[in-house]
Structures are given as C-alpha cells and as structure tokens.
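Listed after this line are the structures, all set down as structure tokens.
Common to both upcoming complexes is chain A, partnered first by chain B, then by chain C.
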Partner chain A sequence: MIDLFVQQLVNGLALGSTYALVALGLTLIFGVLLIPNFAHGEFYMLGAFLTYAMVLAGMNFWLAMALAVGAVILLGCLVDRLAFKPVEQAPPLSMMISALAASIILQQSAMLIWGGEARTIPAPVTGVLRTPFFIVTWMQLIVMASLLLAAAGVWLVLNRLRLGLAIRAVAQNRDAALLMGISMFQVRLATFAIGAALGAIAGALLGATFPIYPTMGVNPVLKAFVVLVLGGIGSLPGAVFGGLFLGVVEVMVAGYISSELSDIGAFAILVAVLLLRPQGFFGQAQVER
Partner chain B sequence: MPRTDLLRVTVAAVALFLVAATLALRLDDYLLYVVTLGAIFATLAVSFDVLLGYTGYLSLAHGALFGVGAYACGILTAHHGWPFWAALPAAGLVAGAAGAVIALLAFRTRGLYFAVLTLGIGLIGHQLFLVLAGLTGGVGGFVGIPSPGRPDWVPLDQNGWNALLALALLLATFLAAQLFVRSRLGAACLAVREDLTLAQALGIRVGQARLAAFVFSAIFTGFAGALFAAISNFVAPESFTVLGAGFQLVALVVVGGMGTLWGPILGAALLTALPEALRVASGYSLMAYGVLLLVFVIFAPRGLASLATAGLARLRTGAGFRAAPAGERRP
Partner chain C sequence: MKPFSGIGAACALAMLATPLWADEIVVGDLHPITGPANFYGLPESRAIQLAVEEINAAGGLSVGGESHTFRIQTEDTQANPTVGVSALKKLVSSDVRFVIGPLSSGVGPALFPIIDRSDAITQIIDGTIAEGVTNGRNIFRNQATVSQYDVSVVALFKAKGYGSVTMMTDRFHAGFVGTQPALAASLKELGAEIAGEEGYKLGDTDFSATLTRVASRNPDVLLIRGYPAEGALITKQARQLGFEGQVVWEMVSPPSTVLKNISAAEMEGVYNCIPATTEDYIALGNEKAIALEEAYRARFNEPAGELSVLSYDAVHILKAAIEKAGSLENAAVNAALADLTVEEVPQLISDYVPGEGGQLFDDKGQVTLRSAVSVWQGEGWHPATDVIR
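Presenting the complex of A and B:
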C-alpha cells in the first residue's frame, strides 16, 4: 500500500517535471513581456520533431537535441518578431489571438512536413533504477535532473547577470526600465530565447519517452497554463512547484480514482484555484490602477 | 432615431435572407450543405460576437457550449422521442443554463485569466463528452439523431429544408443580437468593454450586463448546436474541441470584424467558402485560418467589416476625390 503510494509519487514528480519545464518558459515570457504565448507548445513540439529528424539522420541524441534547441531559439525570436511585435501597442486581446494564430500555423506546418501519424525518438538511455521502495527509469531521472538544472540556470541568469537585471527591471516596470536606457530589443530577444530553449529541451526529452505528433504541444501548453495559474503568473518557483503539484495530482487521480478523470481533475483544480486564490499560490494580488 | 434605424436593419436583414434563401435553393446538394453549415457557423459567430466584440471577453468555452446544445438535442429527440421543435428551445435553455454557471465562475476573473479559465472549462466539457459515454456515445459519437421534421406543405426536400432552417436561425439570431446590443444591457456591455472601472464608478451594473451577454451567447450557441446535431444526424466529441470549434469561432469573429454583427457573418461566409473555393485538402483549411487570423489581427484588427466600410466610404466620396487636389490647400 505504502509502496504503491511512493511509486505513484515518483511517477507524479516525473510527469510534473515535464509540466514544470514547459511552464518555466511560458511564465518567463508572460512575466516579462506580458505575452500569453500559446505557441509555446509548438516550441516544445518542434524541439521533439527536430531532434527526431536529426536522430533519424544518424546523429547522436544529445548533439541533435542541442542543435534542435538552437533552431527553436531562432524560431522563437522569429515568432516574436512576426506575431507579437506588430501587436505590441494593441489591446491584450489582440496579443492572445495572435498567439493562437501563431500556434496553429506552426502546428499545421509540422503537419505538412511530417504528417499526422505518431512517431518515437529512439531513447538515448534505457533501463531502470530499482530501489527498495520504487522503480524509476533513467529517462525519468534525466527529466527531473533537467528541471533542476534549468531552474537553477534561469535563476542564475536572472539574478547574477547584467542581462538578468535588465530582464527583471522590464518585468517590474517596462516604462521605467526603458527610461533607464535598458535595451528592450535585447531583453525581448533574451527572454524569447530562454523561453523557447526551455520548451525545446522539454520536447526533446519527452519525445524520447512518449510518441510525438504535430499536435502534441497542445495538451502540455494547456497544462502549463494551469501551472501558471496555480503558481502565480510570472513566478518561477510557482512554475516549478505548480508543475510538480499538478503532475502528482494527475497521477494520483489516475491511480486511485480513474485514468479517464485525470485530465478533468487537472482542469478542475485550475477552476478551483482561480476561484479561491486567483493570484495563485506564489503570486501577488494584482492591484488595479 | 434608433427605432427607425432598427427598422431599416430588420428590413435589410429580412430582404437579404430572402435573397440568400432563393439563391441557395437553386444550388446542388453539396453546395447546399456548405451553405447550411456556413449559416450555422455564422449563427455561432454572431452570438459569440455579443460576448467577444461587444463585451470584450475572450471565451474559449463556447466550443463545449455548442456541444451541450448538440447533445441536448440528440438526447431529447433520439432517446426521449421529443419532436425537434420542442428539443430546439430546450437545447438552447440547457446551453444557456450551462453558460450561466460558467459565467458565474469565470467572471470572477478577467483578461488572460478569463481566457485560461474558460479554456479549462472548455477542456473539461470536451472530456465529459468522452467520459459520459452512457449519455453521449463517448468517442464513437452519437448516432441516429432524427432530422428536423418537415411539414407536408413545404415543397422542398430535406436538404433544402435544412438549409432554410439554418438561414432562418441565422436571421433570428442576428435580429435578437441587434435588439440585445441596442438595449440598456447592451449599452452597459459596451461600457464594460471600454472601461470596467469607470463603468462600475458610474453605477452601471457590470455583473448583470456581462452575465446577460454570456447567457445570451450561450443560448444561441445552444440553438446552433441543436440544429447542427439534427442536420448532421450524428455528432462526435471531435466537433466540440477547444482548438477546433472554440478556436474557429474566434477566427470567424476576428476576421469578420469584432463589434459589428454583420462582420462575423462575412467572416463565416469567407472562411467556409474559402476551403470549398480552393478545393484543397482539409489539412490546409486550418492553416488558412491561422494565417488569415494573424494577417487580420496585425493589419486589419477590426476585420472585414472595417475594410468594407472603408471601401464603401471611398466609393461614395470617389467623385469628390478626383476634384479635390485642385481646390485643396495644404496647411
């Protein structure tokens, strides 16, 4: 009984790590630039597909993943330039619609290139780690480790680099930051690059465990929005803990109640949190001016 | 003044309906089906615009509400033997009630949170259509929904009758929406859209207004769902996904022109006609939606309607335009 619980907890943390990785990029872009980037799921999907294409061509998985991340970073900056920059001055609704459009366009492009059927990337590492209490695959451990590394990396960039200072300044008050001579161009570029990279890493790692297909980004990005709301929009610790929490809840609902209900459980939590604590666990209440 | 205006709009709408119906009934069966579907989506778009264009809230739960209307009609007619004409208003009421519950939850938030919350609700709805297989037929779909009954005196076959019903529903929705946006509630909705805080400070009952807008759009979305189910004889959860139907509605309204009621009809006509006109595989139609949406939101955020208005204005002043350069003095 206890064994089962521990095993479920580990599975939940592994699943939650992928949600957290996706949510980390999403919350960064939203927190700094106020862009609800629905296309983030497509960064994730393209990370997986580009890795897949290169591994299929005979490349080493890790090298392929690094190249895919680089390509998705370029693409992320392009998406920002084409879809988000032009509607910067428009009402927030335009930004959301533009993001939805970008997401559909990327998804359909992948559909045209690779077709709709599911594929798998050959896993670079196989096998499991057995402990007295639970079993965990090496791939799951790698995903969890990547989350820790990514979170630490983002924290270092934001808190120890001059660029990070600029990013935080823009997040706090865009106009004041501009008056201080901070280059919005650099901040935008850096934010989108980091965000897209996080998405692509998550996609490549997940693609080595689960099947990949052009619409695979939809569910994770929706889950990541749930995580954002759970953790508080723009909060990095919120994204990490929110992601882990959501993963654990989903696995527990699937394990103890019914696997059919796990998605409903996740979205029901979203509704409940928005009602009880709209600013999220880690967020600060928004003061309307 | 507004009353004569409303009269003019009504006369124009009825006239257009008659023209559209006469033209449509001359088409072959396939094109007639395209027109029928287009009219249903135009109905959805008009009712959605009352919320998106006139009240300023982006709801992604309307795909699920469309499904609620469709399944309500299916269950009532196929399982309980109700006639279509009793099931249609019932489906509208069921969707309206579901909409009221969603609205009460969702209006505690706004902006992006509202979009995300309704997105979550839309996803729950779609999952419920799959999970409640006893009621909805689950992933296999709901089969055997009877077609809308056709009176004997109507000299049309079933396809023609379906198209006529869809166009009539569009007309009714358009006129009801015209009445709604001209009412005090409609004016209050505009105030909510422009500046919520100011509206509250002026003593406008913002809660009542936006609830009314949401429920209004939910009811007519339910009607459209019911007619869709009866005409198709079959519905499946894939028709009611957030990124399918929910997103399509946003596209129709934005491309057509938010905040005008005739714009979304143009949008629906364009976006249903376009794939047929190009005769392309269905894979490209979603791509076309995305591209059109992006192009419109960047270059013409007020949609086809604003382009049409600007074009008309230019035509009207065309004569004076040519004469202008000689007499015009630049300051």
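Presenting the complex of A and C:
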C-alpha cells in the first residue's frame, strides 16, 4: 500500500487544485463583500457550458474559454446588481436567500437551454505524464498550473494595483474606506468580475476533465465553503492551502480506508478545525467590538 | 333530497363514468420528460406516442364489439420520487386507469405502495429495473430487473473465464446495491475472485484514489454498475491510471450520452451486460425494430432511445390485454394481463422468454428478457454474438 503513497498524494493534489480553483473566487467575494455567493457554483457551471457550446461550434478551446470568462464576468456583475445590491442593507438572511435564488434561477435556465444530460468538453490537451513514481494527466497538470497562475494573478491585483488597494481597504474596514472616498461601486464591480472570472476559468478547465451538467456547481461550492473555513475566510493562501489539504485528505481516506468515507473524512476535519481553530489555518481571529 | 343535489350527483357519476364508456381510452404516460434522466424518458414517451398513433390509425381497439381509440396523458416525473408521486396523483384525479411507466429506480418504489393499494389503476412498467415493484395483480413490468442484468454478467464471465473482478457500484442505486451480494456469490461460483467492492455516488467526478487501488490489484475485470456519465469517467480515469484489464459496464447507456463523456477510442472493447436494447435489435436485423426506428427518425428527426422498444411494446401489451378482457374494467384487464401469452402480442419487438404456458408475465407480473451482452466497437454498442447468441 505504501508504494502507492506518492500516486495517491499526486491524486490528492490534483483533486485539491480543483477545489482551490473554485474556492478562490468564492473567498474573494465573501472576504471583501461578505456575500455568501452560492451562485458562484453557477458561474463555474456557465463557464463550462459556454466553453462547451463554443468548442462544439468549432472554436479553439482557449479562445472559447476566454470568451466564456468574459461573458461570465458580465453575468457576475449583473447578478450582483439584481440579486445582491438591492438587499445590501437587509439582514444577512435576506442575502443568503437571494444568493440561493440566483443560484436556482441560473441552474434552471441552463437546464432549459442545454438539458440535464451530462457531457464533457473535448479536452485541448490529452494524454498522461508517466514517471517511475506516479501518473498524472496533462489536463490535471494544467489545472494545477492554472491554480498557481490564478492565485498569483489575484495577489498581484490586490497588492500591486490601486484597485487592489481599494478592495483590501473595503475588506478591512468598509466604513473607513467609504470615508476615504473609495468608490464602493468600483470595488463591488471589480470584486464580482474577478470572482466570476475565477469561477468561469475553473468551470472551463474542469469541464474538460469532468462531466458538466446544470447542477454541477452545487457540490464544488459546498466543498469551496469547507475550503474557506479550513483556510480562513478571505485568505487567498488559505483558499489554496485549504483546497489542496481537503483534496489530499479525501484521497487518502478513499485510498487507504474506504471510498465511502471520503466525504465523512472531509467534513470531520471541518468540524475539528471549527472547534480547534475557528478562524482557519490562515485566518486571523477577530474581536467583535 | 333537493333536486339540485340529485342532478349534481348524477353529473358527478356521469363524469366519473365517462372514461369507461367513452370511445377514448386514456393512457397515463409517466416518464421523466425533463430533468437529469430525460435522455432516457423522452424517447420512451415518444415511443408510446408512436405506438398509440399506429394503433389508432389501424382502427383502434375492439373492446366487447365496440371500437375505441387510445389517448395519451403525459405527466413528467423528472426522475424525482416526489414529483413522480404528484404526477401519478394528477393522473388518478383525471380518472386515468391505465399507466405506462415510470423510469427511474427512485420513482418506481415510491409509486408502488400507492398503485399496489388501488384497484382502479393498471400499471405496466417499461423503465425502472428496481426489484420488488411489481405484484402480478395490477402492476406488471416488461423491462428486466437488475437480477436479469446480472444474468448477462454471469454469462460473460462464463464465456470468457475471467479470474478476478473489482466491482464499482453506484451506492445510491438501490437495485444494483441490493443484488450485489448475489452477483458476487454467482461470480465466485464460477471461480472468479472478488478483488474489491467499491462504491461511488451519482455526480462524483474524481475516482483516482479508488482506481489507483484497483490498478494496483490488477483484476481481470473492472465491473461498473450505475449510470453512463460516471461509467465513462471511471473508464477514462482507470485507463489513465494504468488499468489494463477488461472494463465491463452494467447499465443502459445510449451511445450519444456515452460519447459526450468519453471518446470512442477509449470505449473500444468495453462490454455492456444488459438485455438487448433498441440498437441491438436494429443491429440484429429485427424488422419491427427497424420500422420503429424509421418512424421515430421521420417524426422526431433523431434516433430512437435505447428503451424505446420497451415503451412501444408496453402499449401493444396493454391493447392486447384490453381486447382479451373485452372490458375496460381494471380487474378484467389485470386478469387478462396475468394470462397474456407472448404469442398473443405479435407486435412485440423485444425478445421475451415465454413462461411455462407461454405467458408473458410470471406470477409477480415480471417478464423475462433474454440475456444479452454488447461490445463497444467504433461509434456504438454491437451485439457480442461470440458471448451470447
């Protein structure tokens, strides 16, 4: 069994990369705007379906993905305007209900357009990399590389641009940021655009690996919320580490104990983290004043 | 009694009696027209439509010397038990007495207790393979059971002499889970070692941990029991992780659905162990299946579904039973169904094995469909005639 350890570790990192890629956009929106964006799973789903539709029409995968990302950015901003902005001042429960409603509407719309049948986007790169210690598909390597690029890209935006400075200011203290003249409109728009883009990139890449269907976003978003708690809400390194950690734990449980226990293992760790370190691995404890 | 209430009662009685005496016999078509299983359900519903149109165009049914026609009332189950029960209630409230369907293994068991208690519904199941959903009294099924699927698996192992197998089963599919111990015992009797019994669930996407373990054990066969999207993904990931043995599926899997999830090259040589489907009958040159396919293509501009032949058969079975009963009373039709022989329904496409007296259904209301094994070649399934003729 131990001879399979390296292979299982690579399996775990590959799976974890998919979780982290979905969680990145979610943690950004939640961290900055405190919106539990359940519709993030639908950004992911629409990124996949739009790419699928364009690839099927004969377009190059990467071009189709870029166009899909652009379309989902527009949709993300629209969802914010229609579903979240109007209930901005309402109690948090209204925000959650609005997020769920947006998620269901987008799911059902996709069901009407594409039907419920599962399908896979023709992968732009096929084949596997075989080494003496492990096997990994080229698509999995692309997903892992995309995770690193996406995380680095978001870090650069947040830490090297004025827009990023404004986003971080709102995340730290919204009222103070407003008093300093930061445009909340721009921050919301940018945050939703980046979040939606990350969701769409994840959908397009993972849709070339896994089947896509209108409800495909539900499970990844649930897992992404677990990743958020593990890594620390609003923390980008936390989202990456949390996703990879969750993936490795699930694979190790499935590989060495039982495939039927992998979800139980993941959620048991979630409960343990909530009990022992509620702020997550990379989060900071906050005092309510 | 006031005159108004008397007239009201008479009208109510007349309304209740209308479907019994009218020229039209309403058939409830209970299938997933929308939702995740509509690629199975819609072709079934359309085949019912074609069969009904064909029967009506040929003069309809003769019941006790009177001529009748069929009319369809379609209700969508969405392959969801709750929606399915509501759909059945809608049919019942419309006084529909003859129902064909449903499809999924979740919906069939949910409807069973309601229909089992009723003496005003006759049901012919053409979709679900779940065990224990027929009673031979008013619920009959012209689709196979999971156990009959397993017969095909055993036949394949017998023909090929495989030495070991790992089973991967959708653990939320009650039918497959329920028959797994019996199947494992049958395969052991043939000398096959059960190298592993793994579970997964509908919607899972990453099987790498399990398949790494499977590949390290290197069994002769990886048997996948569930639905085609996961079947395709497991097959693809197993090959990527170095599994070199034989992949065997046990599921209804339309090639159009399969090819949306895996390439034809990756599917080459995979066996599927289920009784023959529409495609198989067409490939075997069954003229009635070819005629149905042509009518279906002409009408809907796409090929018939894998289960379309069963739905087509179900309508003809119902027609034969009503004509044999010479009555529209459910009790009479039920008795006729129980006694119906395969020979009495010459329009049947599927290959039903007659009972001792030539009966179509056994005492539990279940047909026996002849075992079959298909192999993927090129762009679709083809009868594996080297395994089962």
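By our rule, the second predicted complex is superposed on the first by the 286 of 289 C-alpha atoms of A that agree within 3 Å, B and C clash if a C-alpha of one lies under 4 Å from a C-alpha of the other, contacts with A are read in each partner's own complex, and residues count from 1 in each chain.
Everything below uses one rule, namely that a residue touches a chain if its C-beta (ideal position, glycine included) is under 8 Å from a C-beta of that chain, and two chains touch if they have at least 3 such contacts.
Only a predicted model underlies this, so the values are computations on that prediction, with no experimental measurement involved.
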Exercise. Is A:Glu250 touching the first partner chain B, the second partner chain C, both, or neither of them?
Worked result: second
For this session: Figure out whether A:Ala14 sits in contact with chain B (first) or chain C (second), or with both, or with neither.
Result: second
Exercise. With the two structures laid over each other on chain A, which partner does A:Phe192 touch: chain B (first), chain C (second), both, or neither?
Worked result: neither
Exercise. Does the superposition put A:Ser98 against chain B (first), chain C (second), both, or neither?
Worked result: first
Exercise. Who does A:Ile135 touch here: chain B (first), chain C (second), both, or neither?
Worked result: second
For this session: Once the structures are superposed on A, label A:Phe61 by its partner contacts, choosing first (chain B), second (chain C), both or neither.
Result: neither
For this session: Check the residue A:Ile264 against both partner chains and state whether it touches chain B (first), chain C (second), both, or neither.
Result: first
Exercise. Thinking of the overlay built on chain A, is A:Tyr44 touched by chain B (first), by chain C (second), by both, or by neither?
Worked result: neither
Exercise. In the superposed arrangement, which partner chain does A:Phe241 touch: chain B (first), chain C (second), both, or neither?
Worked result: neither
Exercise. Which residues of chain A are in contact with chain B in one complex and with chain C in the other?
Worked result: 111, 215, 260
Problem set entry | Complex contact set, residues of chain C against chain A | 34-39, 171, 198-200, 203, 205-210, 212-213, 216, 229-230, 232-233, 240-242, 257, 260-262
Exercise. In the complex of these two chains, what residues of chain A are touching chain C?
Worked result: 3-4, 7-8, 11-12, 14-15, 18, 111, 115-120, 128, 135, 137, 206, 209-211, 213, 215-216, 219, 250-255, 259-260, 262
Seminar exercise, completed: Residue positions on chain B within touch of chain A in the complex are 52, 56, 58, 105, 108-109, 111-113, 115-117, 119-121, 123-124, 127-128, 130-131, 197, 242-243, 247, 250, 254, 283-284, 286-287, 289-291, 293-294, 297-298, 301
Seminar exercise, completed: Touching chain B in the complex, chain A uses residues 30, 36, 82-83, 86-87, 90, 92-94, 96-98, 100-105, 108-109, 111-112, 215, 218, 222, 225-226, 228-229, 233, 260-261, 263-264, 267-268, 270-271, 274-275, 278, 288
